[in-house]
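Working notes, structure below.
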Amino acid sequence: MSHNTFGHLFRVTTWGESHGPAIGCVVDGCPPLIPLTETDLQGWLEKRKPGQSKYTTQRREADEVRILSGVMVDGDGVQKTTGTPISLEIQNTDQRSKDYSEIKERFRPGHADYTYDAKYGIRDYRGGGRSSARETAARVAAGGVARKVIPGIRIRGALVQIGPHKIDRSRWDWAEIDNNPFFCPDRQAAGEWADYLDGIRKSGSSVGAVVEVIAEDVPVGLGAPIYGKLDADLAAAMMSINAVKGVEIGNGFEAASLTGEENADEMRIGQGKTPIFLSNNAGGVLGGISSGEPVVVRFAVKPTSSILTPRKSVTRTGEEVDVMTKGRHDPCVGIRAVPVGEAMMACVLADHFLRNRAQVG
Amino acid sequence: MSHNTFGHLFRVTTWGESHGPAIGCVVDGCPPLIPLTETDLQGWLEKRKPGQSKYTTQRREADEVRILSGVMVDGDGVQKTTGTPISLEIQNTDQRSKDYSEIKERFRPGHADYTYDAKYGIRDYRGGGRSSARETAARVAAGGVARKVIPGIRIRGALVQIGPHKIDRSRWDWAEIDNNPFFCPDRQAAGEWADYLDGIRKSGSSVGAVVEVIAEDVPVGLGAPIYGKLDADLAAAMMSINAVKGVEIGNGFEAASLTGEENADEMRIGQGKTPIFLSNNAGGVLGGISSGEPVVVRFAVKPTSSILTPRKSVTRTGEEVDVMTKGRHDPCVGIRAVPVGEAMMACVLADHFLRNRAQVG
Amino acid sequence: MSHNTFGHLFRVTTWGESHGPAIGCVVDGCPPLIPLTETDLQGWLEKRKPGQSKYTTQRREADEVRILSGVMVDGDGVQKTTGTPISLEIQNTDQRSKDYSEIKERFRPGHADYTYDAKYGIRDYRGGGRSSARETAARVAAGGVARKVIPGIRIRGALVQIGPHKIDRSRWDWAEIDNNPFFCPDRQAAGEWADYLDGIRKSGSSVGAVVEVIAEDVPVGLGAPIYGKLDADLAAAMMSINAVKGVEIGNGFEAASLTGEENADEMRIGQGKTPIFLSNNAGGVLGGISSGEPVVVRFAVKPTSSILTPRKSVTRTGEEVDVMTKGRHDPCVGIRAVPVGEAMMACVLADHFLRNRAQVG
Amino acid sequence: MSHNTFGHLFRVTTWGESHGPAIGCVVDGCPPLIPLTETDLQGWLEKRKPGQSKYTTQRREADEVRILSGVMVDGDGVQKTTGTPISLEIQNTDQRSKDYSEIKERFRPGHADYTYDAKYGIRDYRGGGRSSARETAARVAAGGVARKVIPGIRIRGALVQIGPHKIDRSRWDWAEIDNNPFFCPDRQAAGEWADYLDGIRKSGSSVGAVVEVIAEDVPVGLGAPIYGKLDADLAAAMMSINAVKGVEIGNGFEAASLTGEENADEMRIGQGKTPIFLSNNAGGVLGGISSGEPVVVRFAVKPTSSILTPRKSVTRTGEEVDVMTKGRHDPCVGIRAVPVGEAMMACVLADHFLRNRAQVG
């Protein structure tokens, strides 16, 4: 079962609610002897942290991660993993439960309120409880561990569309990612987006986005046939992120419009007698197994459901009401989904890397 | 681990290669006392069976499924499941291994040949071996069992795009599905597609497609939070089908372009004091849990990689060659992916239906 | 995979080392709406807590458990589970790492030192690290949650043998369990054991024991055929406890000596037309499924490996040495294994209770 | 979930009933490039096959295993595994369903009849259906594959007790195993057992037994901490065999009577600077991880429940009856449990061997 666990050999079990005392995860299956400190993880958490620009929620969280188990200082003075489970914990510090009292009995449209309530008969209404995007902080911490398991693989994400506005791929420059608050690789688009999103934010509205995550230097052979396909695991990983409604690999939905001649990536012999591909429509995955080309995943994030415009809804007791979500929210949750997508990519690849080492897919 | 097994409580383990003596699966976790005969399953296999029109591969398979375990005739004379594993077997009858001898050492572009070989150091080159779409016959048989587990839910699939040609959704008529060889719900589109695909077929080319699968009368509450989300499981299920490159739920990638006002489905109180939704942009899933609205999944199928036009490739021993795939193939594998998508939807819903019964997600 | 996770639907993932900042577990799969507070769990932890008599280690731990997620106060003012993962944490307070410095490079005979080191190339030598019996505190906390899932089932454990000294079963009195520091149901034996174990303790030696755990009012039908048998899961559960070397169900190894006439439990019709058994040699399990009779499990605990007598051993660098284990230890770890065995019984039964509810074994 | 699947990386899913058309299993997770033919497996099946002496059931089964997938003839002319699932099938040929008609409505004491019926509401009453020892033929076939995964490890089993009669361990001679119908390593005991069991058989009675399985040349480091301990997995494996009521590792229950001085295995440095143990009370497992010493497991098998003496029982409709089991049965099912125990040992070791290769336990 996998309600709150992700992965097979590299397993991440997350726990915690938006407004409880803490959130965290247990990373089980990390090999021993990997240098690992809290500093290694903190950097990734900073990327995802709320309140860093006016385009993300103004909730202020220190998001300091503590490692409670699974490491020790070795004889050489370096703290390393021991092969035992790594417990990671992040305190919740800025919770403001009062903000949520009035939606206790009301279902916010687009949120998981109604379905959680229908399923469980009880739900933590404070900030979305378990369904809050806050859970993704634990994913990012776990992703930091995963990256250490596959140090040769480079994983980077970018926002490639916000609302209807796409980047111009000919202007893609990874160096731009850190120069704007959108993880946007197109400097010009980033400038236009700033104005656009400012308008969205001021009007209390919200907007969707598309995230692209690319893993380079992935070895050939990661992925298990049929139901443990690398792309099937990536699809599940990305779709499990809050608000994601679509996932594609390589040229994805575009492939439907192509002919076999246009779509199949031709091969030649490269340097060192290694087979190479002349294109990467497949997004680095063939038959569920990595081809050595960059693994390319894109996912669509729906607009934040919390908006200031009143929407029709109902209460737990069956009354019709209008709901306007106050509180602090991201005008575009897609932005902070970038480091989360990177973390999920890292977890999936670490898992398959270990599976591959066992030579059983 | 899940190389060849799908599901958690309703578990399907498939086995078999394109050109071995048989293929099949073991369905474990089917509740007892469900009436089940081979006839119940055979109907679904007929839908997927090759050689039924000029638009699908001319391989001729009887595709007769046998139930080898897990059922017995009860005191009332009706054959029922006993709660023990159901072993399903389908003989391979039309294998023609000779067709494939010349690609034994060559990697067909777009196929899993290269990655399987790189991963395992050995591969069954006859008809794609394990990576053949033939494996999906076992899925369809398992899906037939799954449907019996959730008899109140109606699952139907349709082809909504072939190459660049989409249906007109205003003309959607489920009754048309059986009137054309494309599972197309738009009579006019089906007519146009026939001409279009005929050209593709005659030129030895191929084309992609988009499949949509809809489940109606799904109870509220199916799906487990976070990593066992209903939509995450559906994404993995569909992405695990051969040649699939993208999956979306509800309005999917379109959601990225919308505002929160446009996207969130408003609610009112319907008959019997039950909450209802005024739209279904979410595709029947909120926070990973079914909302009671129809569950709507779409997936993109890439064009068949086997085409008559020679493509650049390499051999196992590192020589550059041109590969032209002879043999019998579908000009559009997306067509036969329709019943496969339905089967995967049935398996996912049956799994979550049973999980829900345990009240643990 | 299950390195640090136990269970299928009711899943417990433990983490933490003897001398890290804390230990804990995540309980995933607990149904919603179950009243649960820290007080509910603390009582079971008190039973297992060290330092309560001269017969257990003098390590002093508060063993206070905190619930960090998965519960909330419902509308009726009662704190209940929400169906989300329950994170439990226990601080380590009395660690005295100094005690262990001299065995850093030496393998203690009978301990996991050598095998952990050979497997991982690194190990937390402080107090056994992950292989310390301290891990079982997390199991006991999880077992407290499990008991709430199956409130109708009564689970009690007892020490039935210490060293070569067995209880007299004709004197079995559950009320005695709390009257002696051994969980011994035989008042007379408890008195004799006190003298015996005092001698063992004073000589710096140690001794083994046998624990018996009985679950009453277990419903008929818990257990899954073949590889998920109730007794197979119990065997794994008990054997996974530190120092356990044998597990038996019902009359266990004694059954080998019996004839079919002597061993099979005959049946009659009891009150309410319910089938009853005239004996319980089977220990409440037939064909892997509970029969409605008490489920009876016994397990053998080897003597504590830490003793004051020097034993031959080797160092990490291949030198021959003598090792004498100082530090604080139990002269008979079997005593504190009683509440741990109860907890594992509770976890196994809760898991199968939920599986049964799904009607798939 | 694991109702009918055993193992994590090396996974065996068995299916089939005593009186259905066939039984079999799917072995998933077998690495590629391992030479494998039906002949390799058939030898192990011969060892378990019924009807080979008057001490086992007179049911006559060819027990011919077919490999339906997962292998192919490689370029060197040798048939090898391909890394895809291996489907194994054994036809049922001698079923005689008529023998069982009269126990259709009656629960045989000691059998799983009552519990299966109570759990599922339906059961295959013919020969025990799924709960028949016939299922173990599939385990033995799978075990044959497992042995190929760990060719360096030698696995042998023996019957060490039948009824109250134990072997004399000082006379243990592996060469004797094949010289008597009991897999008895003590020639003198085997002679005495023949007379004893003849009496049991003629009187229509039955008797229990103890089986010991030993694996030699097991590498150090197999086993995962805490819940995936090698001995916990072995305990589950052996307890999952029909009629097994107890499992012990090394000196097992005897360890309870010993002191720490007597029980702990001392260490010295052996040849090649390798640590060696001076005794093997631990049975080759320390802290759940293999120590390099032989892995020693014993399990108790209860007497066959099918006996000619009438026993008190009840019917499905609540009437009290006497049941006398006719049909063909083993007077001591423990005998044929020897190759089954070996097979389970092989499966557990193969699984942990692969897990170890992934370096995650």
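We just call them A, B, C and D in the order they show up, numbering each chain from 1.
Note that in this section a contact is a pair of C-beta atoms (placed from the backbone, for glycine too) under 8 Å apart; a residue touches a chain by one contact, two chains touch by 3 or more.
None of these values were measured; they are calculated from a predicted model.
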item	value
Touching chain A and also chain D, the following chains	B, C
Chain located farthest away, centre of chain B as origin (C-alpha)	C
Averaged-CA centre spacing for the pair chain C and chain B, given as whole angstrom	46
Centre distance in Å when chain B and chain D are each reduced to the mean of their C-alpha atoms	38
Centre-to-centre distance between chain B and chain A (centres being mean Cα positions), rounded to whole Å	27
Multi-partner residues of chain C (at least 2 other chains)	1, 3-5, 8-9, 14, 29, 32, 83-84, 119, 130, 225, 355, 360-361
Chain C - residues contacting chain A, complex	1, 3-5, 8-9, 11, 13-17, 20-24, 26, 28-29, 32-33, 66, 68-70, 72, 74, 80, 82-87, 119-124, 129-130
Of all residues in chain B, those that touch chain C in their complex	1, 9-10, 29-32, 83-84, 225, 354-355, 357-361
Touch list for chain A against partner chain B, complex	1-6, 8-9, 14, 107, 109-112, 114-116, 118-119, 130-131, 135, 161, 163-164, 200, 205-210, 220-221, 223-229, 231-240, 242, 245-269, 273, 275, 278, 282-283, 286-292, 300-307, 309, 311-314, 318-320, 334, 355-356, 360-361
